[in-house]
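Read through the structures below before going on.
Here come two complexes built around chain A, the first alongside chain B, the second alongside chain C.
Then we have the complex of A and B:
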């Protein structure tokens, strides 16, 4: 098991190198000269040239990339062109906000989706099933930013229950962005829970349990649910990873200071060190959460666990 | 009695003679949601294509009356007018052209890149497969929306670049699906037979392997058009998608955001349009998946 985790962590290294090369090349082909992000456009030739030299902007692509990677190995991600702040520090300051938002969103999604999904599966092809499947179809098909705008309109502007943006009010300002992300997730997970549950309750061991006199309710909650949980946990973990990297729209709609919004703003300003650093860090976090999902998956499914144990 | 058995045999024979596509269509038609979805989608397509015959965008929207700005929905303007007096209904209908074309072209780009690389990886195997799959891993590791934003901002803001960016971001999933699909049919006897009679690799992949691994690719493509429409409108909402003043749905929502408190209808209709389009595509995609692989439906 530990061997497996270690192997997966080692496999992460080429992915990180690849991502950094990808991001570095994308930012390199971008139009406009990054030097003007550092000095004003009216600066004299000498100042511009000196800045280019100082930031190493005159060097060829591969030299700049190699220098960046060497610094990265030394633990430095550089400083922002715009704010002159340390990239790693800026990212880490905003990361807790995004983590809070993502965790709350996933919790909301789980609370809503598991009962709904199970109920839909047990009462397959009834109104309860059709209704929850139709509702989740609507929310799956809704753009996140539009849902955010509607929630903002209803609960912030009309009812005034929650602030319409920022994060000054603690938990209160977290609720609307978290629901914006969480409702979409819940819709997706309701569909997963339902299909996973449907598959499980048709298994022979459930029929056996019922034949041996286990009540319907007991069979579903004690025998079927545990096994149906495996794909649900996988989807949940994958979604958490997705949300950590992709809550940018909810963050933008509610002006919530998270890492997604930081990346979008940095791309707009062509703040190359910030974009590169933030995307690499986000990729690492997403990959680690995915790895953690795989490990949890092995722990809750003894069949898979024994496979790793043998390796 | 004998006659009856004969009839049963006959229908069975008939069922076998039906092609796979006919069989899929027969199952697809039985799904009410799918038929509704297909109808909605066709209506949206017809509206998008015929918009130019019914409305004249230049005179009715661009040359709109500024004194008619911010009118609530009425008989004259069923969806109301925006801050520049432009009719929102006409803009939403014209917007379908952008969203549909971006969605379809992006998926076409993703299909070309993804299927060719995936088929290559699955068929050739070895180092080629390893390299392709590791590059795919990199594209999967970066969150899609952030990658798309980075690509558009690097290439410059235009509708074509938006299509390319969304297409590149979707291609990784097609690489995985087509590789898996090719792997499942690669070792079938008919492929071996084709090779034995001297068919070259290119011909084997395109005439024998791909047509038999199309089903999962088609399902994914249908669902991906919807997802691409959402991605594209999200980018437009962030101000880096279809350039203004084009009536793209995401861009209209972004414009309406400033007036959300008093003129909320501006943020209602373009969003409904996106949702309706994506719902119809999801209904069709889900039904196609069930029709192609009935095991999942039961």
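Then we have the complex of A and C:
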């Protein structure tokens, strides 16, 4: 198992190289000269040229990329063109906000979706099933920014229960963005839970459990649900990775200072070191969460555990 | 006459489908004496398994009575039914699907003991699990393994140990060997037979393998489209199959003799859909002896020879009785 984890971590290196190369090329191809973000637009030709030279912007693409990668290996992600702050430090300052938002969103999603999905599966083709499937379809299809605006209108403007943005009020300012993200996640997870449960409650070992005298409720939770967990954990893990990478829309709507908003703002400002650094860090986080999901499988399913042991 | 352990009267199970009522079990009656084995044979989809599951109320029957030990269990409250489950168990066909893949062997076998509070002391439960594993011939070292680590024969032994855990009186064996290799089939069948002798078990043995049923049963019931078409003691049935369907089934048993010239009866056509059946002999559309009056009224089981029941209106003409 440790060997497997190590192997997965080593695989991260080519992924990071690929991601950084991709980000570098796209930023290079995209229009807009980053130098105007550093000096004012009215600066003289000499100043601009000197700045270009100082930041190495005149060097060929591959030289710039190689220089970045060498610095990265030395542990430096460079400084932002705009704020002149260290990229790594800026990212790490915002990361806790995004982690809080993501975790709360995923917790909301789990609390809502699992009982709903199980209930829908047990009462397949009844109004309870149709109702929850319709609701989840509605929320899956609803654009996140719109849902965010609706929640903001209702709970921030009309009722005034929660602030409409920022993160000055601690947990209170986290609630609306977390629900905005969480409800979308819950919708997908409900559907996954339902379909996965439908598969397991038809299995022979559920009948076996009933023949043993296990009550209906216990057969569903102990035998069916635990066996239905793999697809649910897969979806949950993917979703967590996705929101940890930044819930751009929710963070923007609620002007919540998270990494998603940081990345979008940096792209708009052509802040190449910031974008590249932030995306590399996000890649690492997503990969680690995926790895964690794979490890969780082993605890859920003994069959997978024995496979890891052989690797 | 020996004591009847189980008596099934007019058992029916209909499923609602978009195209109408599906007659899975259609007015089936039989009884099994204590310590005996009733073999139930028939082709796939004839309602054998559904009958077995209705008897244990794993599927609720539509109507009819299941009298077990003098008590009609179809009307029992779920709580009383739970107590009765100790006495009635089932062994499933597919030992790959019938064991929860997340539980170890010891968890699978001990679960019924713990749930039904037969033993409460942890050490007693453990001892009992070891004893049961011994009984079915599973090595003690397998106690903490998972089902996927074992082969089909061992898995089926777990299924049997689990069924035996509560000292049942009656076991429905729902095609317990059809998913196993031939070499392992014999082992499992012998194990079941030994257990029957030792523990005075009563079996309802569901199968489509006629040589297995001959080897195993005291009485045999032949099912076709949810109904019993013939029922007789095993020897009698193999010596004198009377119903055209039974005759066809028996002629399909391969005989390991290259010079055997006996003619095969090939049943024509497909099995009739079990949805919205007409009031006629269900086998008539495929029967080579079919007459006009076979299409009017569904024949009931009639005793044509001692203890030999047949549901066929032409049985006397066909067999020149």
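Convention: the second predicted complex is superposed on the first by the 310 of 311 C-alpha atoms of A that agree within 3 Å, B and C clash if a C-alpha of one lies under 4 Å from a C-alpha of the other, contacts with A are read in each partner's own complex, and residues count from 1 in each chain.
Here, a residue touches a chain if its C-beta (ideal position, glycine included) is under 8 Å from a C-beta of that chain, and two chains touch if they have at least 3 such contacts.
Just so you know, these numbers come straight off a predicted model, no measurement behind them.
Enquirer: Which one hits more chain A residues, chain B or chain C?
Expert: B
Enquirer: Using the superposition on chain A described above, determine whether A:173 touches chain B (first), chain C (second), both, or neither.
Expert: neither
Enquirer: Does the superposition put A:234 against chain B (first), chain C (second), both, or neither?
Expert: In the superposition, A:234 contacts neither chain B nor chain C.
Enquirer: Applying the touch criterion given at the start, work out whether A:306 contacts chain B, chain C, both or neither, answering first, second, both or neither.
Expert: second
Enquirer: Taking the superposition as given, does A:192 touch the first partner, chain B, the second, chain C, both, or neither?
Expert: A:192: touches no partner chain.
Enquirer: Which partner does A:207 contact after superposing on A: first (chain B), second (chain C), both, neither?
Expert: In the superposed model, A:207 contacts chain C only, not chain B.
Enquirer: Could you pull out which chain A residues touch chain C in their complex?
Expert: Listed in rising order, the residues are 203-205, 207-215, 218, 223, 226-227, 300-303, 306.
Enquirer: For chain B, which residues count as touching chain A in their complex?
Expert: Touching chain A: residues 134-135, 137-139, 141-146, 149-151, 153-156, 226, 230, 233-234, 237-238, 240, 250, 253, 257, 260-261, 264, 267, 271, 274-275, 278-279, 282-283, 296, 298 of chain B.
Enquirer: Inside the complex, what are the residues of chain A that reach chain B?
Expert: It comes out as residues 14-15, 18-19, 22-23, 26-27, 29-31, 137-138, 140-146, 149-150, 152-153, 157, 195, 202, 242, 245-246, 248-249, 252-253, 260, 263-264, 267-268, 270, 275, 279, 282-283, 286-287.
Enquirer: Under the stated contact criterion, what part of chain C meets chain A in this complex?
Expert: Within the complex, chain C touches chain A at residues 53, 56, 58, 82, 85-86, 89-90, 92-94, 97-102, 104, 111-112, 115-116, 146, 148-149, 159, 162-163, 166.
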